[in-house]
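Below you'll find the structure, written out as structure tokens, and then a few comments.
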């Protein structure tokens, strides 16, 4: 794994992007998008996180194994949320309380 | 797909580098292992915070109105400023790692100290916010009063769940920063003493990964806690 | 020293037979595969025992055919077991219409049961033979679990919400009632008996029991005392929705959803009125959390249920309470046809 | 610079390993006698010494937890609760659960055998992060200290499951101390898992590809995935229980609208994969033992390796089968039941492959093999009863009864502990350089097998009769089966004491062992017994598949087959 030196210019551009996205998410929260407020906030947050992971944390330049670990961690958190959501979303479907 | 460290042709000089521990063949192999180890640790941190994010997700959908009213009472400007402060500290940390990789000793110390400063500013703002919650009796427990949130009855109690999650998630995040700041301070001191070199600056890089992770957690905490229903 | 040694629990409910059938099928499967593996291991161990110290058996890498067969066969068997188990489970979850209602409250270390006609029992439950009985359970403190082994029925009782289960007794007698979820010091003391009686004997017990006011009547009194009547008026001029004919029918909410007005909805609307506001009304109703105990909540729900009126053909449990609005102590729950 | 040693040596096939088991190699420097004194043990970063430190801690906790089991069985001899009060009984089964699960079963094989053997098996000089390895032992001991503090200051009575709202609101015992104890010990598991993953990925010997790895290493890789992905969730879950008790952060409090079922989701998300943490390493041991004592490659090596990963991954999607009747929705129960049946398949595949390995092998009945055969039998019963519990309709009747208690004891005691004992006996010559007394060891194995079945098989019948778990007193008609179970427990207790005695005896008086006494394949048998601190004089290079006991032409066909 060669030692990949990322030029400061990349860091600064990513930094500006992150600040812009922060401003965007605050602005987006102040306008009523109905059901879309939460998804928009999440998409912006995920974009910022991906920027930090790829450039600040050098995952873009490190081995495939590290990328696999990152993906695995996120996937497992989603598994936990999906499994529990499966319970909460389908409560009461059988028609009597508590089933 | 066996990616066994190539040992045959590690340069001789590299084999006796003072920082090379006995059970690794070469410095790059040692660094690669350290990087993978750090990332596996960060995966455990994702699952560690994940438990709270799960609880937050479920209760937000169950008690949305109480969450909106409670979130509205959080100070949006302080939250936004804190986010900006933390993103700046991520930049300074990245620059710190960058200059330690190039062996620029004084630049590394400067960037690291800047990161420590920004981290402290973040914790300061957090302390202000917490004090404000204590003053308004918005801390979960017997003395919790939800009049200011215009909630009563069950929804007043559900607001306690929001603030329980608020304190748990931001508290856990702040604890991670309280651990991170002294570590970066020690790194700055070691960099000052010339401990790192272009061949060996793994501790700086690993701490950088940790710090960026803590920043990512806040990148999710800020919209989830502060930005629900800021419109109407 | 107990001398009798029962090895199989008595079957005293419609579900018991179906659960035992699945149990015996699985025992057969397990005995077959257990013996298969045991005989293979023992026979190979003996036939291929090491004869001499430097014996070198030929390496066998494996065979894909064999691997696929002993993946698909077990997969097929477990899928059958899965479907069978799910079928029994859903039968347990779907309460037959026109079941007899009984309310159960678990409280640290006792079971309090209430019949619609007012009978209250502690760690006891008298039920008629051959009538599907719907239990609506809740807990006042920790998680308990209402477990009657003879009925193969168990349901965790969670504080803060209603849970429902049902059974239909098929054999008169007295059966164990256990608490199956650890709940503290006297967890093993929170036991009792469920007595299944012939319909005639049950009526005598109902009439003879110290009935006092029926659940619905007690609920009606509470309805007055708590001044619910001021908003929920019969002539629908009040600030709250009219409650006659509500129970058991879908209700459209201010948020545009439609929910079934079952016990859980009524209970939630009493303790958390703002959660599901009926369309066309303002969320002005104060909460009664803490003012109303679980038992009185059940009485109010029973009263509103008694205002339910004729059951619509709506999905789920369009529960028509057999008892007419004004409670008559000797209301006889008409045993309808067997559950599905 | 790396020379080839080991099986791949060219030239005429060497005569089989010299039969003399016990010609004592001249006493040399090895990892045990290289340094003496408490400091050399308490500050070591040698994975072998850390493994022995764990062996001491884990054995202490096993006998502590086991003593509670004996008291529980004594209490249950009589229907009335007359040996101890109910509060004490509740504390007994809670401490038995906590100590056995978190302080014995989870760390035992990975931290003792895994720590010792993984570097040896992959030809490395040590784990990737030796100092983290020592830190994980200290963290384990601090967690154990918290738990022993909980014990001496009054115990905890919430059950090892800590269900809310009892654990957060109604219990007035030392829940916070117990919760923190497990919280801390969790990080010991995380560090061990992290160490194993990086070591297996980055430090394999040249030529040691993934599909030449011993199945023991595969099993520990899968276990480490569960350590790393699951343990943090139990850490945050117990932290929330501690915070709710201490600071009223009431996220599970039903009076505030909190949902106790959410706690159960978070708890079981870890605690079900935790049962695979307990069984997968044991499966790894069994694969090694069965291959060695039938002197043959494991039948379907790749499939057995992949089934370990499959168990670890699918094991994370099935936790809801602990909650079929707990208020979880019926449809979620449907999903979790289906997934629970899928996770049973890889375990079945492993059992079939072990059985097939014996075919046309050269089977010998040394003690490790007795434990392995015992494991296959008991794990099969344990696995099949798991199918009963995964079936929705049946689970309603049998969950929270002694049927469940019998099921998980068949897996944990019949499986994990039999595997652990088999592994300890199999690698004892390598760890201590001494041979254990074979006759005594076989007697102990048979006693353990018999005592175990007499203890736990009656509990299946009790469970279906409807005797609930965690009962201090029970109805009269269950007494006969309970007395049988208690009788079995005393035999099992004796069975566990025997190895403790003769293994300690063998450390001093046992005959010296050669480098490869069985003889077995694997890099750990290529170096001396006990190994030197650096593990290998020269970096080994692997040139052949795992378990290469005999190449095609060397094999004298076993005629009678």
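Letters A, B, C and D mark the chains as written, and numbering starts fresh at 1 in each.
What we mean here is this: a contact is a pair of C-beta atoms (placed from the backbone, for glycine too) under 8 Å apart; a residue touches a chain by one contact, two chains touch by 3 or more.
Note that this is a predicted model, so its numbers are computed, not measured.
Here the largest set of C-beta contact pairs joins the chains C-D. Subunit B and subunit C have Cα centroids separated by 46 Å. Per-chain Cα centroids separate subunit A from subunit C by 41 Å. Annotation: 38 Å between the Cα-based centres of subunit C and subunit D. Annotation: 15 Å between the Cα-based centres of subunit A and subunit B. The multi-chain contact residues of subunit D, meaning those touching 2 or more other chains, are 201, 229, 233, 255, 257-259, 261-262, 265, 327, 330. Multi-chain contact residues of subunit C (touching two or more other chains): 90, 93, 155, 158, 161, 163, 272.
Shared interface positions of subunit B, defined as residues touching 2 or more other chains, are 3, 32, 36, 40, 43, 47, 50-51, 54, 58, 62, 154, 157.
Chain contact topology: the protein chains form a complete graph, every chain touching every other one.
For subunit D in complex with subunit C, the residues that touch the partner chain are 16, 19, 79, 81, 86-87, 90, 157-159, 161, 163, 165-166, 169-171, 254-255, 257-261, 294-297, 299-303, 324-327, 330, 333-334, 337-338, 341-342, 344-345, 348-349, 351-353, 355-356, 358-365, 373, 376-377, 380-381, 384-385, 387-388, 390-397, 399-401, 461, 464-466, 468-481, 483, 547-552, 554-558, 560-561.
Against subunit B, the residues of subunit C that register as touching in their complex are 271-275, 286-287, 289.
On the side of subunit C, the complex with subunit D involves touching residues 1-9, 18-19, 22-23, 26, 29-30, 33-34, 37-38, 40-41, 44-45, 47-51, 53-63, 66-67, 70-71, 74-75, 78-79, 81-82, 84-93, 108, 141-143, 145, 147, 149-150, 152-156, 158-161, 163, 176, 178-189, 272. Interface of subunit A with subunit D (complex): residues 65, 72-73, 76, 79-80, 83-84, 86-94, 98-99. Note for the complex: subunit C touches subunit A at residues 90, 93-95, 134, 136-137, 155, 158, 161-164, 260, 262-264, 315-317.
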